[in-house]
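By written order: A, B, C and D. Residues from 1 in each chain.
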Amino acid sequence: MKSNADRTEVKIAYIGGGSRHWAHHLMSDLALCPLITGQLSLYDLDHAAAANNARIGADIFSRPEARTTFHVAAARTPAQALKGADFVVCSIEPGPTQMRYADLEIPARYGIVQPVGDSTGPGGILRALRSIPIKAAYAHLIMKHCPKAWVINYTNPMTLCTAALYAAEPNIKAFGCCHEVFGTQWFLSHLVKDWFGLAASPDRREIELDIAGVNHFTFATAASWRGNDLFPRLRRMTEQPKWSADHTRVAQQRIGKKQWFSSDKLIALDLLRRFGALGAAGDRHLAEFVPWYLTSERALHRWGVICTPFSWRIKCSRQPRTTKYNHATLTPSGEEGVAQLLALLGLATCDTNINMPNRGQMTDAPLGAIVETNAQIRRDRITPVVARPLPPAVAQLVNRIVSVQQLTLQAAMTGDRELAFEALLLDPLVHLPTDKARRMFDQMLHYTAACLPRALR
Amino acid sequence: MKSNADRTEVKIAYIGGGSRHWAHHLMSDLALCPLITGQLSLYDLDHAAAANNARIGADIFSRPEARTTFHVAAARTPAQALKGADFVVCSIEPGPTQMRYADLEIPARYGIVQPVGDSTGPGGILRALRSIPIKAAYAHLIMKHCPKAWVINYTNPMTLCTAALYAAEPNIKAFGCCHEVFGTQWFLSHLVKDWFGLAASPDRREIELDIAGVNHFTFATAASWRGNDLFPRLRRMTEQPKWSADHTRVAQQRIGKKQWFSSDKLIALDLLRRFGALGAAGDRHLAEFVPWYLTSERALHRWGVICTPFSWRIKCSRQPRTTKYNHATLTPSGEEGVAQLLALLGLATCDTNINMPNRGQMTDAPLGAIVETNAQIRRDRITPVVARPLPPAVAQLVNRIVSVQQLTLQAAMTGDRELAFEALLLDPLVHLPTDKARRMFDQMLHYTAACLPRALR
Amino acid sequence: MKSNADRTEVKIAYIGGGSRHWAHHLMSDLALCPLITGQLSLYDLDHAAAANNARIGADIFSRPEARTTFHVAAARTPAQALKGADFVVCSIEPGPTQMRYADLEIPARYGIVQPVGDSTGPGGILRALRSIPIKAAYAHLIMKHCPKAWVINYTNPMTLCTAALYAAEPNIKAFGCCHEVFGTQWFLSHLVKDWFGLAASPDRREIELDIAGVNHFTFATAASWRGNDLFPRLRRMTEQPKWSADHTRVAQQRIGKKQWFSSDKLIALDLLRRFGALGAAGDRHLAEFVPWYLTSERALHRWGVICTPFSWRIKCSRQPRTTKYNHATLTPSGEEGVAQLLALLGLATCDTNINMPNRGQMTDAPLGAIVETNAQIRRDRITPVVARPLPPAVAQLVNRIVSVQQLTLQAAMTGDRELAFEALLLDPLVHLPTDKARRMFDQMLHYTAACLPRALR
Amino acid sequence: MKSNADRTEVKIAYIGGGSRHWAHHLMSDLALCPLITGQLSLYDLDHAAAANNARIGADIFSRPEARTTFHVAAARTPAQALKGADFVVCSIEPGPTQMRYADLEIPARYGIVQPVGDSTGPGGILRALRSIPIKAAYAHLIMKHCPKAWVINYTNPMTLCTAALYAAEPNIKAFGCCHEVFGTQWFLSHLVKDWFGLAASPDRREIELDIAGVNHFTFATAASWRGNDLFPRLRRMTEQPKWSADHTRVAQQRIGKKQWFSSDKLIALDLLRRFGALGAAGDRHLAEFVPWYLTSERALHRWGVICTPFSWRIKCSRQPRTTKYNHATLTPSGEEGVAQLLALLGLATCDTNINMPNRGQMTDAPLGAIVETNAQIRRDRITPVVARPLPPAVAQLVNRIVSVQQLTLQAAMTGDRELAFEALLLDPLVHLPTDKARRMFDQMLHYTAACLPRALR
């Protein structure tokens, strides 16, 4: 990158640059940041989608509110996008949405309920088996074309996508970003407003969380606002009828309104009540990492949470792409990507939650496993800060997931079908007889064979 | 102990000396061993039962086949039994058999199937909560009255009973003994007979197993007979219809014949097939440590295994005690207790499987956890030998159990009801919604309140 | 503490409040900070010294440049000083300066050269044996009178004084502060000025160091200024005659001028050259932690470093105390204590180097050992950031010191004279025959018997 | 190997088969063992020496006392010797004896005293740098020609020679054997005779030692004879004048009589006295692993130990080889090699001390490091038994050596001269200024350049 008096010039490569949402978020946030300028190179298997986003980008950077400009173009090859990049953003889909049938519907036939099915559970494991080889291939390309670039992963399964980059190229400078912890901060911020009689909810950054876990199964071991410990208040709150009652009716209303993504943090709070650490991700995600909330779809509704139907996902994927930026004026996305870029450039500092290899920040998990904790982002480095120990039971729950992930990673990297099945058997959502589980597994692999490496088909 | 030209003189204290089976086994084995003599002091809360066994002992040692004599007496107090003992044998029941209703029948109402329910699962946890305080109290008495004695535990839950002794008295010289691994050796020995065309099954000790795990969830990572690797043959065998077919009919016949304890090692072999390590305990036990075999009683029958009914257990407990040794001539029990005593006295050597704190013998488990591996018994010492690493997935399965056990131990030692519930939630057999699980837990504790420390009631 | 619109009110207890330097630094820095106000309570065994400092404090806070005021008073008892304190500052001398004869002169008779002798080596060990019981006693008082206070230790041996606080009271909120790393930053900042042709040396905070080690034996594993890696330049520099030549003449000049504290970082650089990590403390300290620089006083002079004579220390201690603040106007001390207080109060943030128990920040050292790494200071919490791994050889050098410290700590906490001798034998400066070492050790203990716990005398 | 009714037939390859002593020991022990027969193939760079030993072998096996026969032949190539071997014995010299000048005499010029200089210290490190590449090359040949063979290493530096085999070929079945622990058993056996008034010293195998450490720096953490703890007696003994007095005169007499190998275990006992664990190797070796006994040759004499002069080693190497077996009748060597072979063949069992990778047997040392502990040798497997923890100070002393060894191993395997120098600086015998140490190191490498890999010359 070059610096001049005004702005630092950077090249950003976007792998999966035809993305429907993330690319727009990134471009509008870049446009609102006066400190940097340069090129944004969008690469996508679906070149038309990337080209479409390039046009939207041209629109965004020409808006009057734009405080800088970037040259946005669709690249024909990954090499073209990556060459000389200072940053690589990754948000890719491992195969067409139809493949999610295998992730969601086949397990459903065996009684396995998955509200999301993209980060863990049979669906998350299968999606990982498709994604890991792709990520590994990109890792090699990145080390070839731009070995000093920072790589930001946005795709799920977050942990295993980030892990694949490091498994393929141990010296890569990669990390994964997720906004689920931000959601926990906003949830607490709204409560703080009420508890302390404030006029408005404080900024989420004022909610200080000590976090540890793996992505989407992250826990806050402490939460405070301006020195006020929030846990005692949360515990008292969970005893109130409003928070402890059965939310099945709420869930049914949500189904009626197709509010697939809504929830009330009841599962996050149930984890706090049972284990002493607050779930720091959405309930739809948290529910998938333990065996207690998904014994049936009905049982899930008790917590006000509903499953996102496969049919809806397919419908969405078939909607025509938007051809323009969908806000009247440039609007901050609420994501942190650009803030992180600035910090890595030395133009700001950023303390946030990050998915990275465990270098000691989480003594409860094995070294090298990709974990989610707080970290400092500074000029050209990201340093994790040491997390408090998890309560022992939570540490065991997290480590079970780490094991499933490590088996899945190794299975995908070495093409070991039996190991992949071991991962599946260890997953908390699988309590099928082993031969039945095997039938399900074989059907899932068969359905997505076209997107799997030969050895796993 | 004293040694004279002929025989070494020892005092053995037997806690739970009214035991129906173990005490008889021990006395007949002692009677057949010419190398030692001395006293056997039987203590039992049920003094009449101990006195009855003392009479049976007098009979046993007066038989013409007896090669030594022991003075057998029922002690009035634990102190009387323990004072000056060289060895302490423990086999106690934590409360009347009726209490097992809470271990077995209450979970059954919630759909939890437990063929045995005494070493793990909700039943094993509850039984542990009753047993641990008793064991801890005995540990203190032992360190007071016979601190140099070796303590042999025979009761279930084996791991947690042994763990309680060490938690209460870290310098105690205790270990747990279990014959389940012997069963695996006999199973293989019979196969060896067929495979190698032998006239008779070789002695089980010729089957060399490298084992690791926790009691009743132990795995053989290697098995050989006279240098012949038995695993390839076992794997081929599991593919034969006889071994892979549904054994539901066998199970039903077993129910008809009340053969509660029979099984065919199909689960042990399924674990080998799925994970590469052979289950080295009975299928009734193995099934309880993972979520796949007990999704329903019907699902269990597929493996030819059936549940021991609570009603049968109650019936047994109400049968009048036998008042004499129930063999025509003195018969070796097949247990190893006396062989272990001799080794500890320096009169023989004994290499066997032992439950002891992990001092490095099992790198897959935390130091200090009670694990089951091979060990050398020599004069006044037991030295574990280092086990091969478990396959990673098996290591995770075992560590999950270790966590449940450590939470249970701490809950019982500190009287922490919430921690006990955390243990229950982590158990592989529990996939109930958390509030339902809590109702079950409260009912279980309530039922056995009389046998629980105040804080846990 | 109370907050009002203007200033946060705090109480600071100063143990060793008769201190000649640190107390003055603290008071002038406080006076220059407009954000806080309150009381400073000085406790010292030498009450007159504390009272003298209280008078100096009154002077400082009445200066026209003072931007706040503190009520400064000498306390009659530790309890009086500690009661209700928000912060406790500790800088104490374990016994009269004459005791340092045993630390320095007795080892010298056995050929052991110690330029400082207060943090490691025979002198540091003996000083630790005197200090640890005192620190442990204060830890108990602190937990009694102000359990929520943050405790800042400034005295040497830093590591063991901080360790003693935690050994006595595991829940204490203590940390140790040292400016030696700042010195390394200033050293590099001056080089940066030359290398990059700057008009002035940048602020030391612009020099980013990744550090790890134990206090006074800390290493920078990376150093950069605005993204420029400084290590290649440093390596090249060490090859230049100016930096590689024998500095014996420089040393002799320093002796002549009584410049005991001057040095040129030649040892810090020699460590970089030999092991790949830059020593991040003064050469006088670094030299004491390895066996190579102190084979004779002459050998030390080769590096331009000289020993501070015991006689000079005695002379200093006999000089009358200054009775007033020794600057014309209030001058920032360059220390960070007040910045750290502000950060702990939530009034600022502070990222700095800290001595704290290893919670994972330094994977090369055992958990719980007091290590020096970077950390984030935020409202009511200090979170270490994960350090890069040390080069393996450096990790071994550091761990050797950690072992010596752990043996010393245990020896002092349990009054185990033999263990203290084991610590001494393991120290890198001791290569005497064991019986000779024992004579020296006995003489050292004998000399300072009056300041030692009975068991160690 | 083949078994027939009478004897098991094996092929043994002997690398370094021209050996002056070990080969004779092995052949006479084989001749006295009626259970096995077969071929012994001797390979040596010095073919004439191997051929000479083959002739001696023919003599040995034709003696009337021989209870079996082996066909002994000198091989022309390593491949010829190794092909089809069941066992590989390694005892090689890394270069001509003249090279030992660099190991011994060059360090001596810098004041470094080394009584043996072949397992640690500058001499041991240099010898390791010459040996490791040779061993690594043989490891590859072994895995090519006889991958199932057990490999027994007899050469020093034992730890690093064994480590090199595993570093080159992780699946090799190798272990190192050393009789120094036997010497400790004999030493105690003689004391037992006196202490218990026996007619004769008991067999060394009756002395039960719990051992842990690295070869030649092994410690007994417990010692007993028939259940009698020997440590209290040893401690009392060390206080008697005979054992505590200065043995300089004894040393001088030994020099006069050229008794280079004699000693009185005073250093082994001094370690027991100072650290609570008995050194379980000869004093000549033990002295080299810590800094206290070798501060001068004079200081060493205090313990009755003397240095083996380089000149004497050269003289020995120039003596003509014996051309016949040097006993009138076949005599057991006292070594255990043949007993170990029998155990690996399943024809006996053998519990002994072994040098092997740490798989958990020594919790004080890193996994994978070659450590010396007790082990069980059984049919086709060697299983280490778990050692008691070392006293913390001893653990640190041992780990320091482990670090030196790991750096040396990596330096030799990767040809990293700087890393080799780091190893040297960390060695306990090196307390030279770093530039002086570097001069010595360069001279040492230069002298033995012909025997070093190019990168290290």
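Going forward, a residue touches a chain if its C-beta (ideal position, glycine included) is under 8 Å from a C-beta of that chain, and two chains touch if they have at least 3 such contacts.
Since this is a predicted model, take the numbers as computed values, not measurements.
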**Request:** Kindly list the shared contact partners of chain B and chain D, in label order.
**Result:** none
**Request:** Could you work out which chain's C-alpha centre is the most distant one from the centre of chain C?
**Result:** B
**Request:** Find the geometric centre of each of chain B and chain C from their Cα atoms only, then give the gap between the two centres in Å, rounded to an integer.
**Result:** 56
**Distance from the mean Cα position of chain B to that of chain A, given in whole angstrom** = 46
**Item:** Residues of chain D whose C-beta touches two or more other chains
**Value:** none
**Request:** Determine which chains touch and list them pairwise.
**Result:** A-B, A-C, B-D, C-D
**Message:** For a test of understanding, state which residues of chain C touch chain D in their complex under the given definition.
**Reply:** 270, 274-275, 291-293, 295, 299, 302, 391-393, 396-397, 399-400, 403, 406-407, 419, 421-423, 425-426, 430-434, 437
**Prompt:** Of all residues in chain B, which touch chain D in the complex?
**Reply:** 208, 210, 224, 226-227, 346, 351, 359-363, 367, 374, 376, 378-380, 383-387, 389
